[in-house]
Structure formats: structure tokens, C-alpha cells
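Following this message is one structure expressed as C-alpha cells.
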Amino acid sequence: MVVRAAVAGASGYAGGELLRLLLSHPQVEIGALTAHSNAGEPLGALQPHLRPLADRVLRPTTAEVLGGHDVVFLALPHGQSAAVAEQLGDEVLVVDMGADFRLADPADWEKFYGSPHAGTWPYGLPELPGARAALAGTKRIAVPGCYPTAVSLALFPAYAAALAEPEAVVVAASGTSGAGKAAKPHLLGSEVMGNMTPYGVGGVHRHTPEMIQNLGAAAGEPVSVSFTPTLAPMPRGILATCSAKAKPGVGAEQLRTAYEKAFADEPFVDLLPEGQWPSTAAVYGSNAVQIQVAHDEAAGRIIVISAIDNLAKGTAGGALQSMNIALGLPEDTGLSTIGVAP
Amino acid sequence: MVVRAAVAGASGYAGGELLRLLLSHPQVEIGALTAHSNAGEPLGALQPHLRPLADRVLRPTTAEVLGGHDVVFLALPHGQSAAVAEQLGDEVLVVDMGADFRLADPADWEKFYGSPHAGTWPYGLPELPGARAALAGTKRIAVPGCYPTAVSLALFPAYAAALAEPEAVVVAASGTSGAGKAAKPHLLGSEVMGNMTPYGVGGVHRHTPEMIQNLGAAAGEPVSVSFTPTLAPMPRGILATCSAKAKPGVGAEQLRTAYEKAFADEPFVDLLPEGQWPSTAAVYGSNAVQIQVAHDEAAGRIIVISAIDNLAKGTAGGALQSMNIALGLPEDTGLSTIGVAP
Amino acid sequence: MVVRAAVAGASGYAGGELLRLLLSHPQVEIGALTAHSNAGEPLGALQPHLRPLADRVLRPTTAEVLGGHDVVFLALPHGQSAAVAEQLGDEVLVVDMGADFRLADPADWEKFYGSPHAGTWPYGLPELPGARAALAGTKRIAVPGCYPTAVSLALFPAYAAALAEPEAVVVAASGTSGAGKAAKPHLLGSEVMGNMTPYGVGGVHRHTPEMIQNLGAAAGEPVSVSFTPTLAPMPRGILATCSAKAKPGVGAEQLRTAYEKAFADEPFVDLLPEGQWPSTAAVYGSNAVQIQVAHDEAAGRIIVISAIDNLAKGTAGGALQSMNIALGLPEDTGLSTIGVAP
Amino acid sequence: MVVRAAVAGASGYAGGELLRLLLSHPQVEIGALTAHSNAGEPLGALQPHLRPLADRVLRPTTAEVLGGHDVVFLALPHGQSAAVAEQLGDEVLVVDMGADFRLADPADWEKFYGSPHAGTWPYGLPELPGARAALAGTKRIAVPGCYPTAVSLALFPAYAAALAEPEAVVVAASGTSGAGKAAKPHLLGSEVMGNMTPYGVGGVHRHTPEMIQNLGAAAGEPVSVSFTPTLAPMPRGILATCSAKAKPGVGAEQLRTAYEKAFADEPFVDLLPEGQWPSTAAVYGSNAVQIQVAHDEAAGRIIVISAIDNLAKGTAGGALQSMNIALGLPEDTGLSTIGVAP
């Protein structure tokens, strides 16, 4: 089986990471690569690490260019995916790495994104309950946001097992690639090196409703999420520190058991041995998720910490994993759990 | 007035930062510098940035060497300060930059430090209610821990004004200098660059009871603190993300007002204009504290974020500020609020 | 004596560093601050580390705004200083932190900058032979480039003492602030962290003729310079590795002696003890220059390594040092040789 | 064909990187893993990024444990490989990632390493003239040093084509993993972040005679090398800036042609398009070498810049590439030219 794949938005970080992974996927043949302002340039000038594709010339993002592939990955600014997807037809697998089809509630969408709701597609976080069934054979995939990937995987087992009160507190640190490749002064190396700073504080970050949606589904009741993202001086990686009050009577052992059970058969989730803590370096460039749990008896809280590579499992790796499921390929085809460290 | 100061532990990061600041203090004359394993070496080989002291030779940490000064700063491993302080006599101002005299409750001390409790000295966080009065004229100062400095300043106004429920959740990122200068594999540059990782998770970090003590005093009732420290890829700085449920009826305006009032006359606390967020880079090398507050209405939580330089305001700067108060000098003598950025 | 100083270009890195230093200068009163696209904004939004000036509003860069000061610092794009200086009149001390008045040879200027030559002003590198005499009482100062500062200080003693053949090879690593605050994709944190890359290779960097001019003057004969700058993953600092063939018969001892003699009375140059090497961290935020020399007998070369802070001694500190000389103030007023480390 | 491989020194950075690569090699089955002080520990505690090997327990480095494999990789302190290799017998392919068998001249070895010379094995830098022939079928491989890899590849074409005078000047920046995993104070994250510093200056670095050996062989005459290594604030990567005077009459075109010819068929060497410069980020985690050349007409010098990943092509990748040749496998088996960026 040969899967011919096109990538819209190949000049950015998400597109570049996807291409890095696709180059190692044995079934994928890389087709059209498109961009907006960089159309006409060779990829080698923009993504010099993708040496085998250095001579490929970026084309404009049109349905004509993207047509004729088995899979089309969209790494576009939000609000643009629906129009492209429609033109591609129902036979093509469209994997949207943007936000457009993640939220089920139109009100949430409009509040956080300020534009009309486009709809909902099967959600590409296979580890969530029921997700694999929805992805199998689908022609449309909504890839989760990077933070919701880290946070949902960290907390859904606690909610699914009814161990945690429905008020989660999340503080996450992200590498700068999560902010994209657009040149903005506050993202200059001079500004970010040696610096930690928060942004989107107080419930206004766009990934918040996505976390609420996922955790609420796991809990079977509404869950509130207090989410504070911070920018860390590293190119990649998310470290999410997630906590919630433990339900009465819940202890460390029960917690550990629930997580062991939840992730027993997961190829990409690494519930670490007790005493070992997740680190973003250990998952650098890989599709792995490191998770560790703790019970703070004095504070009465469950603490769950997860580490992912925001570009890999958090975006492009997650997209590929879901594509594999949709196409009936082994889920880990072309995906590695080995980090590049130190 | 000339203040003759000795520094015990001059080879480490806390001692080095203190010397950097003392060199700019117009009243201080730097006397004996001591160390343990580095005794006999010139300071220039260990602290090459402290050029004016390059030829000073480190001496052993004994009462004899430290005697005859007006102020003695102790940057020693915990458990060692009491014996030294006793030998120095009651007329000398002893500023303990270690943990020995911070905790009032012997049980807390023994649980977290595993050794007999040495006592309690006036606590060197002048911004806390009542702290300045206790520091004025004292001959003994317990300098706070770096995390408790960042967290107590962030949250005490909310507790003092009865705006927050007594269950705080804190996630803080620290630069690596907070872990000291002892060579340990996990602190190697190769390990920490590009990496975020937690440690001391689940209520076991030694700074936890100190935060609980400070916030409980502000609240007038016991406050629990769920504290998760993380190691960030930067040499200096702490960014503390602190939150608690808002008491019923509390809103954004009330919150802002309480913080404006709490810090109106504080020379080192910078409650940022709305819309601007603390960053560790902005306080690099300075004694300033940047604070910003937010109210997450949907989650019902108050979020307060603070940034400090862990070595400056978090250790050596805080020590100097408290020394100034104890000696009756203007509180900001020799201390700057200007960061070194970018 | 009160010196009223204006700063044109206060929103950039050079302007910001100058303001950081001016705030500690006991004789300077900070007057008008101007900017181009940021005119109208409060400085606190652009330079959050300069807390005492947070409420100052940036004004447009016009002769009217800059008039009425004792000193005007220009941190402008090249080609703009001459027009401004002319309007300010001959009584005002104008310190140009740009390149316009550095090069004596119009042909060099035109070749490297592509615009008409504006002239030559006294050169603000006081440590060079004859420089202090030219600066004393002057009303016009051309502040050197950051790389020429590091390289000229490293090599002029070897050339002045006729120890080196007139063909220098220089490879220098610079922190990213040297590239300024304009948002360009290749300067994003995601691009520069974990990355070393050269630029301006092959003799095309604009600082090359300035080095040739300085070293040729010291040697009394033309000196060629092969200069390769590289961008290092740090916000500040230049490490310059400079070498030249030793003249016949020159050895290590002769070399050391020449450097000891050249820098014996220099307040800001730190010829390190043998066995200790310069590091950019040790001069972070300071006006100090660290230098070390070596003689590679097998290769027959003299190697001289210097470390400076590109924004401090390399730009704003050098400007202030030269201003002090021009105004007859002690040369080190408001300038520190203590680095902020670690 | 299944190749059973053992790794001695699996707890260090070189050993860890080798295992990362071996895990992707389709013919290799990973056998015994040994260590010195870490023997008895699970690999997961030391190399958490190597998830598939997390439960492997490290064994002591003895001939007994290493016996019975097809290939044994030695990542041992220098001076220890000869004894181990002897005990393994002549039928086993021994790949020494240490220095013991690199230098042909016993005097060089003794001068730089201070111990008796062990001999010379076929040199594992396949791109050098004649190297592949010597590696084919060999049972002993000496893997080059990381700096000599970067420098020899950069300069050998110029010397082989008689374009450069036999006096090379090299300044190279290395990531901290090149210094290994042993915990030393100057390698702490607090020390290296934000810092550039040289070491081994003046011809004393142990990699110098190796470069001289390689370049002399290419030139057919003795070549002197002035080599200055610097430590850069990044975990991985070497950027080598190499230059030499151009022989009379040599120009840019001739230079470019020589390099195009030298690397036309090299699978891992990427002579970049004109105008594009090597960066360590682009080869992060890959076996690729980026090279660019320039002719500085004014200075009369050839400048060649190369970028490699010191752990990959510079150590473990080079080892694997040479193993492939020795075993008659396609040279690029299990090796990627795609970097992990940003």
C-alpha cells in the first residue's frame, strides 16, 4: 500500500515536523507541498534539516494542487480548513492540524476563536476512550492542540476512574516552537533565552475549552479547568503539571492502579516507574508521552505530570498516528518512542 | 557608618551573588570570605565575575575567622548555622541564608529536614505584614527560601484580604542556580538545556512548610499548599504560578484593588500594569519582584504570577534588604530594581 | 555637575542597555527618549526591565526633541546620524552608537555600507593608543562596533609590539542581541536555541574594515583580517578567538610581557592569570574585557582570546566610558567591572 | 543477516547515542550493555529517552560479558580498549569509539595522551580518500574524534586539490555533550548556559594531532593546524570554522569545483547551495555533514565551515557508518540525514 500525501503549510514548524516524520513512514509517498507567502521557494531554504526534500518547490495552497492525493494534511491558520476540505471531496482523507474541527460546542468556538463554527470531526487523540473506534476508516480527522494532548492524557484516567474532583488546575510550560514561525519581537531568541513568562492567563487561552471538553467526557460530568500556559527557553517540549482534589478516600495506590490500567496497552504512553519524573528532553523528537502521578496527602490533591514533544506527539506525530488508524495501518508505523537526548 | 561584613560560603552561588551585591553597597566593607573544600583558593578562580575580589583567598569557616565583623552572612548547608552563630556572640548581626531558623514548628522542621530544630529568627521577607518591625534592630535574620519568597509575595495579599479559599496550588519554574554549585549529573548543561522537568512533587519539597507558614499567618487560618517545583533551562529566575479558589463574590476588581493596596509603598514589588505579565528576564540580577493577578471567572479561581531572580531577591538581595532594615539603613541601599535584559 | 542626556533609539537593545547604565551614573539625568515606530508608547511596555523609567513616553526622533541636552546618544540605523548631529549644534556632545563616523577611508565606507561617507569622529575605544587624547573634550564620538571592540583589544598589543605577522584570522561568536530587536525569522528563539551558525563569511561583514583600520594603526603597516562571525545561542556576549603567525623568534614570555604592559593600567581590561580563560558569562552586564594569550609553538601562532558583553563594553558601556572622558569625569563613573553570573 | 551488537560504556553520552541509532538499524540486535560504576542499574534510570531498552540491566565491562557478539562497540576511557579487544579475539568486529587506535605516530600519542601507544586501526572516516577500502571487511575500526571529523571533512578537499597552504587555522564550537557525562562544576547548566568559553588553547587539545595526520595525508605534505575549541551553550553540535591561505592563483570558482567533486557521491555530506550556511540545528540527531566554502579575496584565504552533530556523525553515527562498510551492508543502513529541527 502506497499512501500519497500532500502537506498544506509545509513552510511552518508543524508542517516541517510532519515532513520529517513522513520521510520515515514506509508507506507514505510525499506529494505536493504548499505554502502561502513562501510559495515558489525551494523547501531547502526554509527547512534546511529536511535534506531529502531540499529541492522541492513550494506551491500555492489550492484545491487543484492538493487534489489527487490519498491524504491531505492541513497546517493552516484557523478558519481556513473547511473551505479547502470541501473542495477536496469525501474520498480524500483530510487531517486538519489546525483548530477548526476540534470543538463540539459552537458557542465555545465562537467565544474563543471569534468566527463561525465549522463543525466537528473525529478527534485524533487515540488514547482517549472511544477515540480509536471513531478514527477507524474516517476521512476527516481533527488533530488535537498540543496542550490538550498533554493535559488530557495526564488527567483523563483520574476522571474516568472517578478519583478526582471536577476542578482541574493546570500549569504547562511550552517550548517556543509552539508559538509558530512568524517573526514576532517577543519570540526573538534574545527575549526567550534565560526567560520564563506566562501568557493567556485567566482562562482565555484557546486550548482551554478543548481540555474541558475532553476531561468532561471522561468524567461524565462538567469539569472546570484553570489553565496557565508559560513560555520556556527551549525550542520544543511541553511539561504539564496537572492537579485536582482527590475524591474522598482516594489514595496513592488507587491512583497508581488506575493509571497503570489506563495505559497498560498504549504504545506511546510511558507511565514512568515510581520515583522517576517526566522530562521534555527524554521525548525530544519522539511520539512518546511520559507520565507520572503523585498523591499529596497533606494538600489532598492528585498531581499528574506529563511530558510530550509539542511538535511530535503534540501535533505532527499525533496526526500521523491518527492517519495510521484511519487507513488501517499499524498505529505506530513511522513513529518512534525514542527521544533524541541529551 | 561602615559595616564590616564576612561571608561564610563564598564559593557557592548564594555567596557569590551576595558578594556581587555587597560590592555595590556604599556602607559595606567586605571582610573575611570563607569556604569549606575551597579554602585556600583565590576567589578569582571560583567566581571569575567578581573581578575586584579576584585575589582574595578563601579561608576556613571558623568562628575565629568570622569574628570581628559587624555582620556575618552564613551560606552554609542546613544544620550548621546554629553552632557558628552561637560562637559569634549576640552583638554581631548574623544573617542566615540557609533554612535553619525559618520554621516555627519543630515538627515541620524535623519532618522536612530530619534533624533537631534550632529555633526561629526574625524572618527576612520585609514585605510580609509585621516583618519590618521584627527585623528592625534585630541581631539575627532568617533569610527566606527562594520559592517561599516568590510564592508568599504572590499570595499573601489575597489571603490577608480574605479573598481566597485556604487551598493554594503552586507550580513554579526555577533556574538551575537554585540547585547550587555541587556537580551532579542531572544538573549538567547537557541535561538541563532544552529540558523542563519537575522534582520534589507531591508535597515533599522542603520549601512547602515555609509557604504554609507564611500564607497561614496572612490568612489567620490554616492554608494548604500543593507545591510543584520544576527545573527550567535557564541559570536564574523563578516564575511562580499560584492560584486558589476565589471566596464567594470575589471579582477581578476587588482582587486588583487588594494587590494595589498591598504593594503601594513597596520599593521592590512591581505590580504590573494590566495586560503585562511577569518575566524572569526583566528581573535578572535585580531585587525586583514582578507580580500580576487575574481572575478566572469560569474556573472560579484567583491566579497570581510572580517573577524574581532566585539568587537576588530570592536569596542574597533579600538578605541585604533585611540587613539594611536591621541596621537602620535605607532599605534599598545597594539594591537595584533594574534587570539586566535582554 | 549634572549631565542631561537624551537617547535616540531608546526602544532597541543598544538604547535599552545605555539607559540601564545611565540609571546608575551619578552625574547623569535622563532627558528625552525617542524612537521611530514606537514613538508614543511608554518605555515600560518595551523595556520592562527598566522599571524606574516605565512611565516615560517615547517621543519622535527630531532635533527639536533632542535639543537642550548636554549629551545626545544616537542609536539609529546607519546613515541617519549625520543629519541629526548637524542640527544639534557644536556645543552638544553627540555620541554616535552607529557606524557612520567610524571609518576613515571613504572607499571602505562606500564598499561596505553602500552610501556616501559622512566623515570621521574621535573613536571611542579608549584603550587604543592615542584614543584618550582624541576623546578628551571632544563634542563628537564614534562608538566602535561590538566585534571591533573585542578584536582590536585582543590584537592591538601584539601588533603595537611587532610580535605578529600582519595577517590576522578571527572567528568570533556573538549573542543574538548583537543582531538587534527587529523580528526576523532566523533570529526566533526556536531557531537560535541549540544552534551555532556563521554569517557574513568571507570578508563581507561590515565590521571587517574597522578591525583592519585599528590593527593597521597599531602595527604601523597594513594588516589583513580574515573575519568570521558566528551566532551563538545566548542573549549577550562576544567571544573572539584571534590569531596571527608569530614574528620570527617571538615566544610565549615575550607575548605575555607585551600584554601585561599594554593593559597594566587599564581599568576595564582583565588580562587573566595564566591557565584561566575568558568566558562571556564572567563579563555579563559589565564593562570588563577578559583577555588571555597563548603561543602555539607547533603552529607558530599567537592566539589571543577576548570576551566582552556586546551590549555593555561592546556598545553602551563603551559609549559611556568615552562620554566620561570627553566630559572630564573619572573614566569609570557609572561603569562596573562585575559580571552577573552564573 | 542479523548482527548481534554489544556496547561497552552504555551509560554515557556516546553509548547512549549509539543505542539510539542501533535501535533503528534493521540488521542489528542489541546484546549486552555494560558500564563501570553504573553496572547493575537499569538503563531506563540513566538513559530515559531509550524507552525500548528501559528494563535492560547494565553489566560489568568484561570480556566474558562482551563475548559472543558479532560486533562490540567500545565507549571507554582512553587506554582501556586494547586489553578488551585482545580478549575478544580476531573474529569479532571491534569498533573503538575512543582515541586509542587513531594516531599512527607513537610519539604523538605519548605526547598528547601520556600513555604507551596501542597501535593503529583502520580509520572510520569513510569520506577520506582510501578510507572505505581500508574499512571493507576489517575487524577493527578506530572511530575518529568529533572535532577531527568536522575539520577533516571541511579541509581535506582543499588539501587534496592543492588549493591551500599547509597552515590551517581552526576555531570550533562544540555542544557540551562532547565533554561527556561526568559531573564537573564547569559543565553545570548554570555555568554553560549563556556562556561561550575556550579550552585546550594553543595546540594542546588531544584532537590536534589527529587533524594534522588527516590533513597531511590529504595534502601529501605536512600541514600545521592551529586549533582552538570552544564550549557553546547547547547540548549537541559542532560548528567548525576552518581556514588557510589560498595557494597563488586559487579563486572562488576553483574552490567550489573541488568541493563539488569531492562530495558529489557522498551520501552524508551536504555541500550547501551558495549563500546558505551550515547550522548545527539542521543536523541535530542526524548523520549529515553540512559544508560551505568561501574565498576571502582581500585576506587571501579559503574559509570552509562544517556543521555536524558531535554525538551522531561525530561519534556514534560515524561508528555505525563504518560498521556498515566493514560488514558489507549498505553504508547508510540505519542512518538518517534528516535533522530534528527546530
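Points to keep in mind about this one:
Order as written gives the chain letters A, B, C and D; numbering starts at 1 within each chain.
Operating definition for what follows: contacts are C-beta pairs under 8 Å (C-beta built on N, C-alpha and C of every residue); 3 or more make two chains touch, one makes a residue touch a chain.
Please read all numbers here as calculations on a predicted model, not as lab measurements.
Shared contact partners of chain A and chain C, listed by label: B, D.
Contact count check for A-D and B-D (C-beta pairs in contact): higher for A-D. When every chain is reduced to the mean of its CA atoms, the largest separation from chain C belongs to A. Centroids of chain A and chain D (each the mean of its C-alpha atoms) stand 35 Å apart. Computed centre separation for the pair chain B/chain D is 45 angstrom, with centres defined by C-alpha atoms. Shared interface positions of chain C, defined as residues touching 2 or more other chains, are 13, 175, 177, 188, 190-191, 193-194, 233-236, 279, 281, 284, 342. On the side of chain B, the complex with chain A involves touching residues 167, 169, 171, 173, 175, 188, 190-191, 193-199, 201-203, 224-226, 228, 230, 232-237, 239, 241, 243, 245, 277-281, 284, 292, 294-301, 303, 305, 307, 342. Residue ranges of chain B in contact with chain D, taken from their complex: 13, 175-177, 179, 181, 183-185, 187-194, 233-235.
Considering their complex, residues 13, 16, 20, 23-24, 44-45, 47-52, 177, 193-194, 235-236, 270, 272-273, 276, 279, 281-286, 288, 290, 336-342 of chain C touch chain B.
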